[in-house]
């Protein structure tokens, strides 16, 4: 019999004895630590972060019992913490607009088991005809068009849908609408966006055309948690590709698609696998 | 007997017949095209750029004769152009401040023949004791300290030195002084700077500390021609490295040094080998 | 009225006058060279390669007339050459086995117009149930199972299908069958394969497990033309990703999928856009 | 008063309670864990590796007392372990041959404090005139020429020098001599080599020329511990750069130099900072 595997994630102000406390506790519960990643942010306040994968040594684990017993330990250190079964899919809603490369990629990775998620809904401000030929694999599609006048009402519908579906993570898969400050606050640390990134950066429309005009030699993409400060939330993942003067805006956009989809997919996977911790304006990512 | 090798570089408004004109001309002069790189910037005005490496088929070349004969061809197309012997070292002045990693790297690459340059002078706003243990290999060192009050006078000395030494290229090898607008204009397209680059970008002091605070996952460097618009001239080369939350400002600075020195060395080599053309706000680089 | 765009590709032994000859010819035909990439392989015999994109300056082009006129020019230089309209899709057959990440990726890129191809057939040694949920977008699917005994007969069917469908390029999209020497010869320079690549290399089964055992720090993939020498034909494209001791075989396979699909897609695009020339055991690739 | 910082490294067969044991012990000794990296190799026997950086909370640490007290803990788990002060430089001997790019780079990084090492000796099979202009910064130079006949005697001298100088790490900085099996055994896990790496790999002389002939699109380098199996010891670090058909053997060698020196420098730094553990045929590297 194989024991089920769990993930303990925790964050607290660092002080001596944290690792001893949780590892000692798990040891006494008959648990075996399979993987352990830790990080002590010695700067600032000195926050400590850990992700511990564990199972039972010779018998199944009672996660509720373990959690109940861990609560006083966690409290004594002021921990934010969670214990989650490794195999439970996260409930994820995907928002999309006209461009579908990120949407299609996420669905494909889910289908082959790379992303451990249930898609609660696919929401778009474009109609279903935009996504003809894409197999949603049973995920419900919602067309929520938006104009300046209807934005508040549309976001209310969106939020109601998020709540009704038990959505744990919202992914903006090239969703070209700016969320209101209020909505971003409600989705704090559970809404991931992807956007292009350049050296140097640009503001405004048609970024790949701007990058072409500016003659950059690298283009990239950034996946981050959404905050009220547009495109400036805690960064989860970034990547770049080399370009040259021979690239025109069309080829930049083509290369950008490849970077965007792989950066977003990595960020979503890191989140789903409890590898990301928000640490003020930045993140701790126990990547693999 | 091996015929000497030359490089023809040219830029002009694109129109039919340019390639035919220069390749036909070289053919009739008994020259053999060894390498030919061309680029037609179809955007904007449609500028055409070419770099042609050629030698004589069965006899030495008379470069002056070839240049004289090419002048009317070039004029008919409105070309900016030059013919240079491949083996002639470019005359390069290196400016440095406290950090010497770029300076040392450039000198090393010159020593092993990777950079085809004569170092006309090493100029620093720090004294020679800062560079103890560095073998300048015969290059004269000039200490030109600078304060806000003496800046104009210091730049005059610098310019006089540039002219007196026949310097063709000025390299700011982590030279931490901002050149005046006037000086940058005089050094247009013959002064290369290196600076850190991040996604997103930062302004102000201690950039690696800012990058750490912001939690970026990539750090990079940009080499560019200096213009009056600080850190914004035409980009010649860029590169990045992946970092993580485990990097502290010290390790970012360490990784930054590696990126800076290799990006600057590439940019200098591209310039010296006539591989870079300024095309408005950007460059065409026939890299290898 | 916009004139149609064409691509002239040519290869021949290098000697003075080639560029002059073709550019002069196109000029006299009233054509405008939009892009021109050339390469002179100075090693060995000295082969010259060119890819020229051109259109008519002020009138439509008659490609047949231009080709007819170019034939004697080409013959005088012993050129292998072709003139193709840029907009004509290439006819491509995709072969697949159990893993569908490359197949799905190629189909997606075709759907959004990134790959200019018509899929003549999807052929697999697994049955259609393996690919449930994949939208073939009208491309016919053929199940051609193969055993050691039926291999010769299966390859005959395959070849008949290639011919009947006017297939110009065969893509082995993780097709896990070794083609016979005879078939590889018939498909010379028009059959592309993708396989994993490691530093150092490995032979035999379960390569990602071997890479894990060996503790490599980088994994990669290679796309190449298929020759009788398995996995050793002329390389078109390669890429790698960094891994660490924290990666297990499962995560290597996951990262490998991402590398494989993007390397294969680039190689197919380069071929389709006439950017690849076979030069003995290697290739010349005018990448963008 | 700042307490001195120490590094505890340990490896043992994994079983429940290891982390609890060492973290609890350090806690009770009044130590603060500043950084902790751990890895459980769940494959094979299940080896556990940890690197713990710690200092005293409010008083200086007595490392000998701490080590003495830890010995029984370590013994109970069958640990291989060490406690080292972070600030003590490692004693490193550098072996070189004709090419000096790795040698010069290591010396530079030592000079600016990037590599925490004392150079016990620079040993070369070429005479000192080969390294004219390199500042050894006080490190003694030994010319130990070698022929097939004198190899055994030369290695004896080398070994005597290693012992006499208290050398802890031997770096083959492009040292072009194959060490005998006997010597590699004596230097097990304390001798690092750098060599070029390609996809696919090559055997024999002039590897960059072979890579050119084979038309690879990436070239790389591998740093590894030396074992009797030439170029096949546990890999510490690898990196690559993209090349193209436009690269000739000369430019491959140039790019190779850049990769070799940075890969070797990283591997040496990882070793010196106790970040590398040998795990059978591979390594665990707690990189930063």
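First chain written, first letter: the chains are A, B, C and D, and each begins at residue 1.
Simple rule for what comes next: contacts are C-beta pairs under 8 Å (C-beta built on N, C-alpha and C of every residue); 3 or more make two chains touch, one makes a residue touch a chain.
In UniProt terms, the chains line up like this: A, B, C, D = Formyltetrahydrofolate deformylase.
Here the structure is a predicted model, which is why all the values come from computation and not from measurement.
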item: Neighbouring chains common to chain A and chain B, by label; value: C, D
item: B-D against A-D, pair bridged by the larger set of C-beta contacts; value: A-D
item: Interface sides of chain B and chain C: same vs different residues, half threshold; value: same
item: Turn needed to bring chain C onto chain D - CA fit, degrees, nearest 5; value: 180
item: Most distant chain from chain A, judged by the mean position of its C-alpha atoms; value: B
item: Centroid distance [mean C-alpha coordinates] between chain D and chain C, Å; value: 41
item: Chain A-chain D separation of Cα centroids, rounded to whole Å; value: 36
item: Residues of chain C whose C-beta touches two or more other chains; value: 42, 244, 246
item: Touch list for chain D against partner chain A, complex; value: 15-17, 19-20, 23-24, 26-27, 30-38, 40, 42, 57, 242
item: Chain B-facing residues of chain D, complex; value: 100-101, 104, 108, 111-112, 114, 133-135, 137, 246-247, 251, 254, 257-258, 262, 288
item: Chain D-touching residues of chain C, taken from the complex the two chains share; value: 39, 41-43, 197-201, 212-218, 220, 222, 231-232, 234-240, 244-246, 248, 279, 281-285, 287
